[in-house]
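So that you can tell them apart, the chains are marked A, B, C, D, E, F, G and H in the order they are listed, and the count of residues begins at 1 in each.
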Amino acid sequence: MKKNSIFILILIMISGIAHADSDEQPMLITVKRISMETALSIAKVAIETCRKEAVQIAVTVVDRAGDPQVILRDVLTPAVALTISEQKARAALSFNSPTSNLQGRFKNHGSVAKVDGLIFSAGGVPIQAGGSILGGIGVSGAPSGELDEKCAKAGLDAVLDDLEMAD
Amino acid sequence: MKKNSIFILILIMISGIAHADSDEQPMLITVKRISMETALSIAKVAIETCRKEAVQIAVTVVDRAGDPQVILRDVLTPAVALTISEQKARAALSFNSPTSNLQGRFKNHGSVAKVDGLIFSAGGVPIQAGGSILGGIGVSGAPSGELDEKCAKAGLDAVLDDLEMAD
Amino acid sequence: MKKNSIFILILIMISGIAHADSDEQPMLITVKRISMETALSIAKVAIETCRKEAVQIAVTVVDRAGDPQVILRDVLTPAVALTISEQKARAALSFNSPTSNLQGRFKNHGSVAKVDGLIFSAGGVPIQAGGSILGGIGVSGAPSGELDEKCAKAGLDAVLDDLEMAD
Amino acid sequence: MKKNSIFILILIMISGIAHADSDEQPMLITVKRISMETALSIAKVAIETCRKEAVQIAVTVVDRAGDPQVILRDVLTPAVALTISEQKARAALSFNSPTSNLQGRFKNHGSVAKVDGLIFSAGGVPIQAGGSILGGIGVSGAPSGELDEKCAKAGLDAVLDDLEMAD
Amino acid sequence: MKKNSIFILILIMISGIAHADSDEQPMLITVKRISMETALSIAKVAIETCRKEAVQIAVTVVDRAGDPQVILRDVLTPAVALTISEQKARAALSFNSPTSNLQGRFKNHGSVAKVDGLIFSAGGVPIQAGGSILGGIGVSGAPSGELDEKCAKAGLDAVLDDLEMAD
Amino acid sequence: MKKNSIFILILIMISGIAHADSDEQPMLITVKRISMETALSIAKVAIETCRKEAVQIAVTVVDRAGDPQVILRDVLTPAVALTISEQKARAALSFNSPTSNLQGRFKNHGSVAKVDGLIFSAGGVPIQAGGSILGGIGVSGAPSGELDEKCAKAGLDAVLDDLEMAD
Amino acid sequence: MKKNSIFILILIMISGIAHADSDEQPMLITVKRISMETALSIAKVAIETCRKEAVQIAVTVVDRAGDPQVILRDVLTPAVALTISEQKARAALSFNSPTSNLQGRFKNHGSVAKVDGLIFSAGGVPIQAGGSILGGIGVSGAPSGELDEKCAKAGLDAVLDDLEMAD
Amino acid sequence: MKKNSIFILILIMISGIAHADSDEQPMLITVKRISMETALSIAKVAIETCRKEAVQIAVTVVDRAGDPQVILRDVLTPAVALTISEQKARAALSFNSPTSNLQGRFKNHGSVAKVDGLIFSAGGVPIQAGGSILGGIGVSGAPSGELDEKCAKAGLDAVLDDLEMAD
């Protein structure tokens, strides 16, 4: 169910701009991206939310292509949290799902779970608004993935209404 | 059973060109490769098959050496699908088996499943015709590996009869 | 002169959608991308142009984020041309300039020229239309960078008028 | 329980230097590091402890940032033990826990366990004194992780009292 | 002249805390780091300074160990600027010099200039205050290294007086 | 039992050359290595043994340091078998055990099993003679790890008597 | 002159099997490869030729796809010669030229010369016979590239007549 | 002159143990390695020598195979000096020459100078005694390569007489 949502969304987006004949795709396709300021707002709220829990984290916000837009690392968070937060953000974006929903998905050695650049532990959430996929948020450094995810979601919630209206 | 097929095939090919004495292998060995146009035909049918399911994918066709001949990525498919499709194609070629048959093969941590450049999730199929191994096809981006494989096989089916006759 | 053009373009694009106050960037920014079919048309014309010169090449078309959209490699082109064509395409996109103009730019050991993923030899051209940067094309495999670039430009020319009108 | 200890420690450290208002973090934060001589003392005792068990090992002591300060490899220890000891040391530092306590933590394919540079097998121990995290020790080469850990802990024990007093 | 400054600084720092006998280094050494908020202030001013020049950049602030503390990438800046800005920042920190002063330093193929993770083009500046090395700033994306450096320095200038006083 | 054998061997070797006082290790230690010709003899017999089973393989013989001395790849064996055979050979050498005995050793995600350069599937055997560890053999390409190991052992058996006498 | 030879050769090969209409490439293309035994003969003669000069080397013979077929390293040759010999062999194959002819080709920082997997120093020679490109040979370890090349060519000369006749 | 010395040495070593007929190499070859204690003595003197110049460095001693035996990094030396010192040590070992003599050797882009794992800047010296190559020393962190080399040589000088006698 949840796994299919990305493709349904994509279909809607394309059908809105595609021609009737599937052999005649438009040459140019319009996509939306969030501003750097929006990404920074998300990241700051994630940091602050975790600080209120007495936890220092790293947070990465990636754009629609999976490349970092903003990275903040609290001062005592270890450097490996940079990599982990980025890879959770990219996994959430690429699979259009919170990474907590992806944790049990890969059952075998050598499966897609091994591909470089993606981590499927809780703490990543996709950014969507107005039917568009816009990016991903990843958090690492809290003592549990659940708390990582709570801080990531707090960051998203802080801008989501405005994103929906901006669309 | 299925795991042995690659070596039986190889034996036939070599015996066709080898001398009677196994110590006297021929200096030159003739191998067949598919043209770029054939690889592109396979890739396009894979893309179109998945679009009919409202899914956008990336598809890679690798040559006999495991190097990409053609890569197509539908416009909204995330970039990680490039890597995944290539590694499924290479796994299918190298083990001469659909990757769906290889999913349960590796049971241990640290086994062959960890080697770089191979992914053993469904979505990869080998290209064979006339008793020769010719390449591999890998698809990534669909909500399930089964659908990835369906699109990869559709690409293969579109050229298989002609490949058998061309041989 | 040429080196500045990317930023002037960017300024125009942003000013077209930005608010008067630079502290109030819009939350969402709209960008354009070319379709997979357009990328494939570019790549096929590049291949065919070089074949007419009795040369086999690899060609990569990258999207606005620098990720491959289409890769074609002619059947006898060595595999390293895959990497080279992709990195020329990304360099042309990232610096918004034909790579032939960038060849003498970096004078020192250890400069930006060493960064992974970019090659500054002739054969890469950016894709622009309607004042937008849309992607990059890279070609490798011809006996000279000039011929690589000729084939890349032929690919671009084949779609440029339609891209301008599509905008 | 143990998993939370790092954050409690961090909280204490920050509260000791932070202002009352969480919006007004100090610009400069003071951290402590062990000297190279201390790191070397730790490493030598680890080597000697394992030699007494007729075992040759490699030992890495990393600083607070996870970068090696001292590495010793006994003469017949294989080179891969260099990498393993460093990654155990970094894991112990980053998670502020003996790696033996982290061995069962990651249950899924594709989880945080796959991130580069960290190994979660027994043989890594964090260096803490006076409420501060100061580094990590990793040992590899013994026939069991338990013995690796014993040698790492022996190295730490040899300096711990002095570290507590130095604080 | 300038190249020696890092070691003179270091000497001062150590002599301030070392015992008379060089064989008796203290076990613990105190170092200073800037807060995440300070790093973010630096990065934001760098972005804004370049925007006033109609240029979009990426900026990385690394801590004393060379690991990123804050990364901001303006919305249309290509992803490779992330890597370049980080490596300029690390080079400025590691050599304790603006990278513009390091551009002509390495004359030979295969020299230190090739080491991974460092770029010696203009746009990197070290962060020092009160006789301590505190981190590095790197900027990439402007049409010239000089403008990259101008924006990096503007970021530093915005906090330098406060850093000196905080010491 | 088997896991400890490497260290017992090492102890014997060292005690043979070490001084009575463990604080006074000799400055120079003598180690033995096999010649290139011996490594080639091993590799050729491994290839021939597998050919008799109608199987084409790749075989790597590594020296005492884990670096390849000889690599042979039969003409239709896929290139990934090069990597796999080398990593099995290095694993057998480093753990001084056939890799078939190591297959079940690592139970956890993120354990030593993930370290780069080692594969713990059947097909690797150590080379020992006269109480010395001399290298490792790895085979890949057969339809089962058992057959890979059979060919590797056949290669070893072909030279073992002579190695024992040469010692 | 020399640089064009690869493409003229390729044209001949294709025209021999292609249809009159360039839009109708054949689906299957036949290529030739040398046997493992031939590759081994080349490598052994290269080793022996250098030994007669009192030099120990590493030699790699790559197949048509650039993947190693045979690697021999004399017993005291350092491990880096493995990498260098392989990358010279691949460069000679990919550019269809002795690498000694390619040494001055790349004039700029950031050019094709930086691509991974290719080294353009003397010591690599392509394997051609009967108008076909069949592989490459690379040698490293001699005190000069000229001697490396001499040994590589001796290896080729030892089989060239037979290769021409086998065609 | 100097460049040939490694091969003359090697010849002597082999002729000392080889049979009269060059086709009958011995199966086992005896090589010497320095103990870990000797490597540590070298490294400590290098550190101390540089400290007397008010400079903090990193020093790596590699064994005959180029793998680190001992690494020491003074407490304020940046982490990149770890990599640089190791790669200077390996270059000095592999080319059997101080790296200061190798600085002008590679004149072209894409030459051997680009191979991973070797740095050809001053600061690396080989360890030889009794006609045997035994390892390499690399130093990084001083304001000039000359000072790096001075500290490396001081380390070597401290043990050289004993090494010659131990032989």
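One rule holds in what follows: contacts are C-beta pairs under 8 Å (C-beta built on N, C-alpha and C of every residue); 3 or more make two chains touch, one makes a residue touch a chain.
Given the structure is predicted, the values throughout are model-derived calculations rather than measurements.
*Asks:* Give the chains in contact with both chain B and chain G, ordered by label.
*Replies:* For chain B paired with chain G, the chains in contact with each are C, F, in label order.
*Asks:* Pick out whichever of the two, D-F or F-G, is joined by more C-beta pairs in contact.
*Replies:* Between D-F and F-G, contacts are more numerous in D-F.
*Asks:* Approximately how many whole Å separate the CA-defined centres of chain G and chain H?
*Replies:* Roughly 32 Å separates the two chain centres.
*Asks:* Once you find the CA centre of chain A and the CA centre of chain F, what distance in Å lies between them?
*Replies:* Their C-alpha centroids are separated by 45 Å.
*Asks:* Let me have the rounded angstrom distance from the C-alpha centre of chain F over to the C-alpha centre of chain H, please.
*Replies:* The computed centroid separation for chain F versus chain H comes out at 27 Å.
*Asks:* What is the distance in Å between the mean C-alpha positions of chain C and chain F?
*Replies:* Distance between chain centres: 48 Å.
*Asks:* Give the residues of chain G that touch two or more other chains, as numbers and ranges in rising order.
*Replies:* 29, 31, 33-36, 63, 65-67, 75, 79, 106, 108-109, 111-112, 114, 118
*Asks:* Under the definition above, what is the set of chain C residues touching chain G in their complex?
*Replies:* Interface residues on chain C, with respect to chain G: 51, 54-56, 75-76, 78-81, 83-84, 87, 102-109, 111-114, 118-121, 140, 142-145.
*Asks:* Sort out for me which residues of chain E touch chain H in the complex.
*Replies:* Touching chain H from chain E are residues 3-4, 6-8, 10-11, 13-14, 22, 29, 31, 65-66, 90, 93-94, 106, 108-112, 114-118.
*Asks:* Over in the complex, which chain F residues touch chain G? Could you list them?
*Replies:* 33-36, 40, 47, 63, 65, 67-75, 79, 82
*Asks:* Of all residues in chain E, which touch chain D in the complex?
*Replies:* Going through chain E, the ones touching chain D are 25-38, 63-67, 129, 134, 159, 162-163, 166-167.
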